[in-house]
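Structures are listed in the sections that come next.
You will see two complexes here that share chain A, one where it goes with chain B and one where it goes with chain C.
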Partner chain A sequence: MSIDAKRVLISSLVYLVIALLLIAIMLPIVWIVVTSFKPESVAKIPSVWVFEPTLDNYRYIASIKPIWKPLADTLIVASSVAVLSLAFGTPAAYALARYEFRGRDDLAFWILTFWMSPPVVFVIPLFLMFDRMGLLDTYVAIVLAHTLGNLPFVIWLMREYIRDVPREVEEAALIDGYSDAQVFARITLPLIKPGLVAVGILAFIFSWIEFLFALVLTTFNVRLLTVEVSSYWTIAGVILGPMTAAITISIIPATIFAFILQKHIVRGLTLGAVKGE
Partner chain B sequence: MFLLPSLALLVGIGLAPFFYVLLLSFHRYRLTWTDRPWEFVGLDNYRYVMNWERFWDAAWNTIVFAVGTTLLSFAVGFALALFLSQRFKGRGILRALVIIPLLIPPVSVGLMWRFILHPLLGLVPWIIKNVTGATVSFFETPAMAMFSLILIDAWEWFPFMFLVLLAGLESLPREPYEAAYVDGASRYQIFRHITLPLMRPVIAVAILLKFLISLKVYDIIYTVTTGGPGTATETLSYLIYRQTFAYFWVDRGSAMALVYEYLIILFAVLFVKYALVKARMG
Partner chain C sequence: MASVRLVKVRKIFHTPRGEVTAVDDVNLEVRDGEFLVLLGPSGCGKTTTLRMIAGLETPTSGEIYIGDRLVNDLHPKDRDVAMVFQNYALYPHMRVRDIIAFPLKIRKYPQEEIERRVREVAEMLKIEHLLDRRPRELSGGEQQRVALGRAIVRRPKVFLMDEPLSNLDAKLRVVMRAELKKLQKNLGVTTIYVTHDQVEAMTMADRIAVMNKGRIVQLGTPKELFTRPANTFVAGFIGSPPMNMIECSLDEGKNLLDCGALKYRLDPDAGLTLRSKGVTEVILGIRPQHVLIERGKRPDAVAQAPIYVVEPMGTETIVNFKLGETMIRAVIPADIDVEAGEVWNIVFPRDRVYLFDKKSGELVA
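Up next, the complex of A and B:
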């Protein structure tokens, strides 16, 4: 076989493998969405590919085991977490990016250890403490817990965005007589708006998908989507069709944000260690 | 001044709970003992944990799981990153599509796969049966259950590897590649002698971060195997959760959580000190 023919063969093989890989990757999501439109009689039969689509499963999660409360609560909690994480994290990031002080890098690393720690280390004491304060199963408890979980990455990430802002701009404002706080609020913040949006969305998603804190710190007053979804398949059995509908609902933000976030997520997940742009 | 709100929060609901756990780990206390005070027992809980085989089994399971999913997600993520760093039409859409698994709640990922791999209800066993005639059960034996969990987690996390490595690939300098083309190097030679060495630091970061994340695994254990069969897929997070909130041994749970925490921090520090520095130098 000539070298050229060999090349063509190898590269078409590579493309075939990649294509199969992509199909294998998307298949589970497609199958769940497809199953959520299956009538109950065929939901449990994997060989049925053609059927008359029905909204029965969605009717089930709309009225019989209503998903509205978990959905609303998750939206409330995740939005509050996004706003709070930014409100707390951005000023801290600014200080860590712009001011020289002793132990600054140690402090930054110390903040990072919270990100490395397994959530289970914090969920035990937070459960006991919130219990004592009568805060179990309240929005306050879960929002604070999620904000704590998000803060390290928000700080590290915003620090990267702030470092990208040229110092000269801020110095010029200082000469014009702005105070430190004014420089931060009027000069820096507007310049890092894209960063704020991206990090805010990431904080929102991390709260939306979090499970352990939700499981331990909330029950009835506050009911989060991940806990609701997990309740469809327990030792008591599985409610299959409606479960696939609930899962479909739970992945909507992922599909929307995947397209918006693409570039920013890299920074978000590596805490700025690898830049996305 | 800018730092105050964050520090207050980190100390208030981060550091304070940490000391609370520390204190608790030296006492005897169960969640059900509402009217009994903590009883000081010194290092008893630690002694118990250190000699408890199930704890070390869970630690081993956690490591096997973490190594497996890190390697698998790396392989898939790197392949796709190499592929999608080329320029072609529809690249943007493909890039967005492949990162979706990462943004799905892990609980949903777990249930989704538990359904798809289910021996009777699942699509995958059905396909395998029709193509090869073989019956595969994904959760029956300890080895298969662990393998399935690794598969599921790698599916969820390969986009992470993909994104990190893609960012790395796109920030590589152009010059060595141009020189190689001029010298007539083959694609494989370019990959082996230019891309790989240049990518080493990024690969090290990606693997470290994913490994650290994998050590914390909880959600998919809870939704897919609940640690079974037996305790074959019980990881540290899951064991500690069960001991604390199902059997109410908060004291023992606290001691285990702290040992767990220190092992992770120790690993992170060692890795950052040696491997990462070496990768940067190398």
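Up next, the complex of A and C:
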């Protein structure tokens, strides 16, 4: 076989694998969106692909079992989680990136181990703690829980962004007249802005899609989308129509943010700070 | 303007592999208005010393004074020093105008004063046309000038420069070397300049402090270091090509140095000095520029040897001889024709020979 033929074969194999992966990932989503437009009579399994589309399911989640409260709650919780994760995570990351102290790398790794352990390990103790404090079914409980869950990756990612800022740029500002806090706020933070946006959006998305903590720590007072969607799974069966409509709605914001994220992952701001980079 | 004084300054770094003494009991006085160069190989402690003066590192022990003021516990911003970094460290998110104005803005200078000074500095450094650009739009040489501008705009007590020319290409480096020296003389600001490049040190410094393994091994004017190196380290570090160093042992009876393939007759005084100090193992040093070579026989020749390699440099020629295990270099005028393989007589003029104690490396005679 010639080299060219080989190359064509390999690249078509690669495309085939990518196509299969995409189908595997996209098929459920397509199915959900399509099902959300089906009338009640055909919105069931096995699926039919020929039907007259209707907005009944969306009318259902707009008025009969309104999705507005869960949508607003999830927005409030996910936004708060994004802000708090950055507010706690960035200074911690700065300390881990910039200050020398005994056991620094061990501490960083220890933080990472939380990200490696299954969330279900933490859900019972958190439930008991919040119960004692009378915080069950409050914004505070779920926001704190999600923030805690996010902190390991926020700290690790922000640490990398901070390390990308040349130390000398901060030192120059120290000598030029800034205090340590001013250097952090006015030199480092502006330079890691792309990182803050990217990591903030990731934190938002993780909170948006989280189910386990939401299920255990919230009920009616605070109602998150993932829990709301699961409530269509009733003792009488799964109410597929409204459920898929709710999922479709809940996918939209996360998708928008994912697109923004793509743009911001490009780093470019520190370019030109230091010769040789 | 101010002097800078270091008293028994020591810096120990704690690393996973144990303690490292980066700076070891350094005493140094930099005079008001002086251009002092800290010269040494990488890892000798010169940059750490500079960073301690800047306040970016805290000394483990010892005292640092700027003027009469003890600055050990003073934040960098309160020390009234300016620093130029090897990689310039310009603020990437600002325009050149704002970068130069930055130290003045922080100190709340009035707006007109800031504008006037930035204009002055930009004129002095010929960067007026770059004021609205960002660092990434500048060449290396231009970034270098902006970094200098940010340092001089405030008229600090002391300039600290950490290898500021080492990222420039060779040609530009020579130009900036001269400009920087002139600038320093015009401004009259005490300057401490770190480099590993002995040519930079020799051409720019009023005085040079040569550092090795965390200590200052010699402090003096460039001329002093060249003509009177205190030890083999300085002798080998300063001068290009480096000084010839030959291991010899003293033959006491004959007042002769036995250096393997070559023999060197001591003058009586030098012999006496060696004996009085009890030095029998010696390192003989002579600069390549001072080695004489002759075709004809000479009674005072240390050896007769074939030329090993000839390196023509244009204005001069470096001739290499191989005597047993030792290489001897001689620098001769380019108009003398030499060829590899030819046998020449090698002469060490007595007044150009340095004798070092092999054990301590110190200059003996």
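As a convention for this text, the second predicted complex is superposed on the first by the 225 of 277 C-alpha atoms of A that agree within 3 Å, B and C clash if a C-alpha of one lies under 4 Å from a C-alpha of the other, contacts with A are read in each partner's own complex, and residues count from 1 in each chain.
One rule holds for everything that comes next: contacts are C-beta pairs under 8 Å (C-beta built on N, C-alpha and C of every residue); 3 or more make two chains touch, one makes a residue touch a chain.
Note that the structure is predicted; figures quoted are calculated from it, not measured.
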Open item on the list: Quick check for you: in the superposed arrangement, does A:Val81 touch first (chain B), second (chain C), both or neither?
Closed with: neither
Open item on the list: Comparing chain B against chain C, which has contacts with more of the residues in chain A?
Closed with: B
TODO: Would you check which partner chain A:Phe257 touches, where first means chain B only, second means chain C only, and both and neither mean what they say?
DONE: first
TODO: Check whether A:Leu144 is in contact with chain B, with chain C, with both or with neither, and answer first, second, both or neither.
DONE: first
Task: Which of chain B and chain C A:Ile187 touches, first, second, both or neither - done: second
- [ ] Report for A:Ile61: first if it touches chain B alone, second if chain C alone, otherwise both or neither.
- [x] neither
TODO: Examine A:Ile155 and indicate which partner it touches, taking first as chain B and second as chain C; both and neither are also allowed.
DONE: first
Open item on the list: Looking at A:Gly177 after the superposition, I want to know if it touches chain B, chain C, both of them or none. Which is it: first, second, both, neither?
Closed with: second
Open item on the list: Under the stated touch criterion, which partner chain does A:Val169 make contact with: chain B (first), chain C (second), both, or neither?
Closed with: second
TODO: Find the residues of chain A that appear in the contact set with chain B and again in the contact set with chain C.
DONE: 269-270, 273-276
Task: Residue ranges of chain A in contact with chain C within the complex - done: 166, 168-169, 171-179, 187, 190-191, 269-276
Task: chain B partner contacts - residues on chain A that touch it in the complex - done: 18, 21-22, 25-29, 31-32, 35, 44, 46-47, 87-89, 91-92, 94-96, 111, 113-114, 116-129, 144-145, 147-148, 151, 155, 180-181, 184, 205, 208-209, 211-212, 215-216, 225-226, 229-230, 232-233, 235, 240, 243-244, 247, 250-251, 253-255, 257-259, 261-262, 265-266, 269-270, 273-276
TODO: Would you tell me which residues of chain C are touching chain A in their complex?
DONE: 54-56, 75-77, 79, 81-83, 85-93, 102-103, 106-107, 134-138, 140, 143, 150, 154, 167
- [ ] Enumerate the contact residues on chain B facing chain A in the complex.
- [x] 1-3, 5-7, 9-10, 13-14, 16-18, 20-21, 24, 76, 79-80, 83, 92, 94-108, 111-116, 120-123, 125-127, 155, 158, 160, 163-164, 166-168, 171, 202, 205-206, 209, 212, 215-216, 218-219, 222-223, 226, 236-237, 240-241, 244-245, 250, 253-254, 257-258, 260-261, 264-265, 268
